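Which chain is which? They are A, B, C and D, in the order written, and residues in each are numbered from 1.
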Amino acid sequence: MGTTAETLLAHLPIAIIVIPLAGAVACFVLPRAARALMAVLGIAGTVASGWLAADVLEHGARGYVVGGWAPPLGIALHADGLAAALVALTAVLMTVCGSLARPRRSGDAFFTSWLFAWAALAVVFLSDDAFNVYVGLELLGIASVALVASPGTRPALHAALRYLAAGLTGSLLYLLGAALLYASEGTLSFAGLEDAGGAPAAAALAFMTVGLLLKCAVFPLHGWLPGAHGCAPAPASAVLSGVVVKSGIYLIWRLWSDTLFGVPADAAANLLGALGVGALLWGAAMAWRAERLKIVIAYSTVSQLGYLVMAVPLLRTAGVEALAGVMLLAAAHAFAKAGCFLAAGAVLARRRSDRLETLAGLVSQMPIAAFALGVGTVSLVGLPPSGGFAGKWLLIQASFAVHAWWWAAVFIAGSLLSAAVLIRALAPAFEAAPADCASRAERAGASEWTALAIALGALALGPLAGPWTSLVTEGSIP
Amino acid sequence: MTSAGFVIYATAGVALIGAGAFGLARARDALRRIVAINVAALGVLTTMVALAARGGGEADPVTHAMVLTGLVVSASATALALALVRRMAHLRGEEDADGHDG
Amino acid sequence: MGIDAAALLLDVTLAATVVALGWRCVITADRFETVAVFIGISLVMAIAWTRLEAPDLALAEAALGAGLNGALLLAAWAETRGIEDGPAERRIAGPALLAATTMAVAGAGLAPLVGAEAGLAAEIAARLDQTGVSYPVTAVLVDFRALDTLLELCVLLAALAATWQLGAARPLLRGKLYGPVFVAYVRIALPLLVVLAAALLWRGATSPGGAFQAGATLAAAGVLLLLVNPAGRVPALSWAYRICASLGVLAFLGLGTGVTAVTGRFLDWPLSHAGALVLVAETAATVAIATTLALLVVGGRPVAQRGRVGKRH
Amino acid sequence: MTGLEAMLPLWIVLTSLLCGVVIFFLPEERAGLRTAINLFGATFKLLLVLVMLAGVEDGQRYAFEVPVVAGLVFALRADALSMLFLTLSAVLWLLTTVYAVGYLEHSQGRSRFFGFFSLCVSATAGVSMAGNLFTLLLFYEVLTLVTFPLVVHRGTPESVAAGRIYLAYTLGGGAAVLLATAWLHALLGPVDFFERGLPALRTLPEPVLIGAFWLLIAGFGVKAALIPLHGWLPRSMVAPAPVSALLHAVAVVKAGAFAIARVIYDLYGIEFAEFLGVLKPLAVIAGMTIVYGSARALSQSELKPRLAWSTVSQVSYIALGIATFGPVASVGGIAHLVHQGLMKITLFFCVGNLAERLGIHRVDQLAGCGRRMPWTMGAFTLAALGMIGVPPFAGFVSKWYLATGALAVGEAWVIGVILASTILNAMYFLPLLHAAWFLEPPEPSTPESAEAPAMLLGPPLVTAALALAAGLFAATSLSPLSWAEAITAEEYGP
């Protein structure tokens, strides 16, 4: 038994990419079995990701050379703590939300795109090769656009087109950066870029960062996100906001936090931090004016992404503790946001509208959905005992540790701001139902219960922060 | 391939990237935006091909492979974008028609 | 000296044409001109790339960039002719500044690279014998960086899945092209294209060519086939489309995992059968690329057109 | 200490937590089961608290700790000060549950109400037993979260608006506490509560300490309704009577005062706080709140807002007692924590009964209701006299200790404050009593005696009796006063 487990374990990184890929093709070729395939491969993928995370937690980072050629000739996968954690998070969200997806038309194409998005995320997190990541980002872009366009209505198509245009431009900038990097350093693998420096590397970093900022909708390049995440079906927007948008930020962390680029990047890192603050404020301001619940939640993604970008200067100075904090924030945000979107989707499905003024009586009619939204808000705002709080706590500690106390003030002001925004949106839900419609609590559907479960997952991340942070800081960025 | 050739084609590539950026920033119409992105893509690919051939000897195959993959990837993304444009035009056409008699 | 001067002159004119066309394409107010000029740029660029010692890229650019992209752009232009999305934008300052900064940063990045030597050509040439193919670019595509190719085929398939989700396919140009001249042309061009594709595929192992170029050419043949029926109707969806479109990914996945048992690494072709395996993978990729690109031109899910055609003229 | 006993504090928090969760998912129509679970939970928790009380009485220390994130420890600890607040909230939770079951007989959303009601009490228990600043912050914020749905329970636009104001104030306070906690944690590592203050704290530079102190006071002052952070209290009177009774008279408001006591006694230490010179300004603020609260209460025409402003003023007695650097005054302050709880909850119960039975909301409608609801008005009178400070009621005891304590340390102005406030109390309570007992009821339309049913009448009578007993038997060992003396003895040392 030992050897087969050993060999299986050795092939885990590539297996995590191949399983969803095989699933996607299978869904495309056998349309009628799409849902069953999705379920089976979802579980297989989650098991593999969980196993990888456990293995990395125990034995540290695990590499894998694809095709037998080591870098710089071939492509290598590198599953360190950070990547394994994100892959596990992706697997959980993709499986849970996938089981909820009810595409009205062309289910096969929907699940094909769903699994392609999952595989692409695995590539982006695990691959150690800049160009391989480019193709992964592109596959992720196209699959996500397909998910956004799946409702088939005009606003959905318009949002999908805008998302695709932004994604294409972002990938192009990233490609140019990668080419410059390869030309100046002679290798495409991230690991080999330790001592990259000079004008070409700086230009490459600039292009790649702007491209990634565009792909993950960081202010001021966030225009496409609210429409896309607002129109997509609830399970899709849950995954888009929860994980897909974070893949770009993961790459930014990897590029900016390594000892990469001897280029004097501290000034630019603070610029990124300022962008993050801008995202926080702008996202909150726009969410304050939004009229639909899903749009408020989408704009809160723009503002929460500000936190993750704001952490870049901290990652460079405070290192491991900041990484643990920001990853905890990212995971808690993923679960809470997924919970909120699924609940909002259930509200939209049952009450035909998620406009804020029609939310009256939600607490009495759909208590489970309201409770999921409430718990999600608790984690998004970062109130104890949620994971959001633990993440914010670690970030504040990190900023105090490097005497950058203004970052601590920004984090706390940010959480108050998002509290104001989300409470303004959800307050009408507590009002009594208008006289005409029944105020009896109807039976909660599966999506409401799943929304509540995922939102409680974000809450549970608080007490369970220990294992997650030790996994994340396992053998990753020094 | 002399380094003079590299300079010429690299500047052409950079100029195309600039044109693409200019077009993209100005474009209001979806079709124009897609064409602008493709112009910029051509610029990037040309710069890469020029980079591959900048050394005296044989051109670098890894960059060529990257360009080929980049070409196919941006072609399929453009195909999807154009399909979206055509579908929206079709829906808008249907809406106008239904709008009157609907 | 004469030849160098002439070569230099050729390069300069080609570069100048491309840049002029590029800016023209972006500045013009007429939408048809934008599309037409873009196709022009792609063709001139194909020629320029031959000058940069990249013949196979030139082939791919001609087939994909000028051919398929051009066809798609023209189709999209035709169908959005009446609809004007918004007033033609007149602002210049913002876009010009953006273009200038992009060019400046790119220029700054490229300048120090003028003299430097070019990447990994030597290492790859030294190891070609371990890959079963002798043409370096194909070796990189199929052996050194096989995962890239696999993912790229997935990108194509994802784009097709996304298009199929948008709804039923609509007749292509409503058969306006159909006529004796066109049929005669197709009767000649079709076999030629198929033979060319086969040749490109076969030569890929030893000289410029390979799956992508062959696939693109075959796709062109497919589009011609779709256009040649009277009402431009697209034959109904059957499992054949699905199998052909995903053949490439299936081949790479199947062979890749199968090979893992032998060599212990995913997509690591064993030297003894490398040539044969590569050929199988390349052929499958060609069929997949051809089907996918042709169906992408259709732009929708080809469902059986039972009485629906009459509804919209 | 055996395993079970170490877990006792955790069990106390979990009892009402589990009850809350179970009730939350109970279908609406299962009223009987819900009341049964509620009462069982309340009594079981009271038993656990009494067991622990006995344990702490004879010197046993209960502690439960579990590390959470890097460097953060979730710690529950039972000492004399926490037992005082814990016993008060356990006893009053049982009574208020009985009252609420009767009060909300026919209303909607009772499962949701009682679910959050129990969660709120477990948060209060958590605040009282917090072993370090982080756990205190944790339960302090959880208390905000679970009380918001109670404040907005009625679902009227006014109550939702009041709820949002409540959240704005309390989340703002929470942010201040978070900043201070993170700041101290960054400099010191774990910030635990120690008998007579954390020694490690004294190594920090003074400006940091003073800054952190005022951040903590501002944060906790929101719930303790110190000026200018008291705005939310009068507005959240739109909540149903049981909510106003337990939360705004006991749980929420006292949590703030208790947290201030905890910071001053067990984080900074009373001597070190005096050395830093931060006690004097706090005492001044408390004094101003007392007078301002009583003055505003005078001008309220509605019963509940009047009681709300009275609460604003009364809670600051506790802060004043703690901030006056003298053992006797702090005994008065700590004892008032219990006395004010007992008296104020009785008043809110009676006002609830009046509104429920006779639809009386305004002060001028009280004419002759003493005759029509004798028992309720009897309890109301007892509590009102107690609030004014008429001997032998509990109120008099705490005011007496406050005054003599302040005099002992030369803070004469405190007596002025207490006198002024007593006069104002009399001015806004006596007219109510006068109208109730000595005026004719407007028109004898309702039957002669419209007394409240047993479930609504029982609780106020019990609390009125407890208030009276706390005053009469102050000298005995079991009274809140002697318990306060024990706490002060620990804090002030030999």
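Everything below uses one rule, namely that a residue touches a chain if its C-beta (ideal position, glycine included) is under 8 Å from a C-beta of that chain, and two chains touch if they have at least 3 such contacts.
Just so you know, these numbers come straight off a predicted model, no measurement behind them.
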> Not counting subunit A, which chains belong to the same connected group?
Replying inline: B, C | D
> Using the mean of all protein Cα atoms as the middle point, what chain has its own Cα mean nearest that point?
Replying inline: A
> Higher C-beta contact count, A-D or A-B?
Replying inline: A-D
>> Centroid from C-alpha atoms only, then distance subunit A to subunit D, rounded to Å. What do you get?
In response: 43
> What whole-Å value do you get for the distance between subunit A and subunit B if each is reduced to the mean of its CA atoms?
Replying inline: 28
> Hey, how far is the Cα centre of subunit C from the one of subunit D, in Å?
Replying inline: 74
> Quick one: subunit B and subunit D, Cα centre-to-centre, how many Å?
Replying inline: 68
> Of all residues in subunit B, which are in touch with two or more distinct other chains?
Replying inline: 17, 24, 30, 34, 47, 51, 54, 62-63, 69, 73, 76-78, 80, 84-85, 87, 92
> What positions in subunit A touch 2 or more of the other chains?
Replying inline: 131, 135, 138, 142, 145, 149, 157, 176, 182-183
>> Residues of subunit D that contact two or more other chains, please.
In response: none
>> Taking the touch definition from the header, please name the shape of the chain graph: line, ring, star, complete or other.
In response: other
> Where do chains touch, given as pairs?
Replying inline: A-B, A-C, A-D, B-C
> What does subunit D use to touch subunit A in their complex?
Replying inline: 28, 67-72, 74, 108-109, 112, 137-138, 141-142, 144-145, 149, 152, 154-157, 159-160, 163-164, 167-168, 171-172, 174-175, 178-179, 182-183, 185-187
>> Residue numbers of subunit A touching subunit C in their complex, please.
In response: 11, 14, 18, 21-22, 24-25, 28-29, 31, 65-69, 72-75, 105-106, 108-110, 112-113, 116, 119-120, 123, 127, 129, 131-132, 135-136, 138-139, 142-143, 145-146, 149-150, 152, 157, 176, 180, 182-184, 186, 198-200, 202-204, 206-207
> How about subunit B: which of its residues touch subunit C in the complex?
Replying inline: 1-12, 14-32, 34-36, 38-39, 42-43, 45-47, 49-65, 67-69, 71-73, 75-80, 82-87, 89-90, 92-93
>> Show me the residue ranges of subunit A that touch subunit D in the complex, using the header's touch definition.
In response: 321, 324, 328, 361, 363-364, 367, 378, 381, 383-385, 389-390, 393-394, 396-397, 400-401, 405, 408-409, 412-413, 415-416, 419-420, 423-424, 427-428, 430-433, 439, 441, 462-463, 465-466, 469
>> For a test of understanding, state which residues of subunit C touch subunit A in their complex under the given definition.
In response: 105-106, 108-113, 116, 119-120, 123-124, 127, 143-148, 150-152, 154-155, 157-159, 161-162, 164-167, 239, 242-243, 245-246, 249-250, 253, 256-257, 260, 263, 265-268, 301
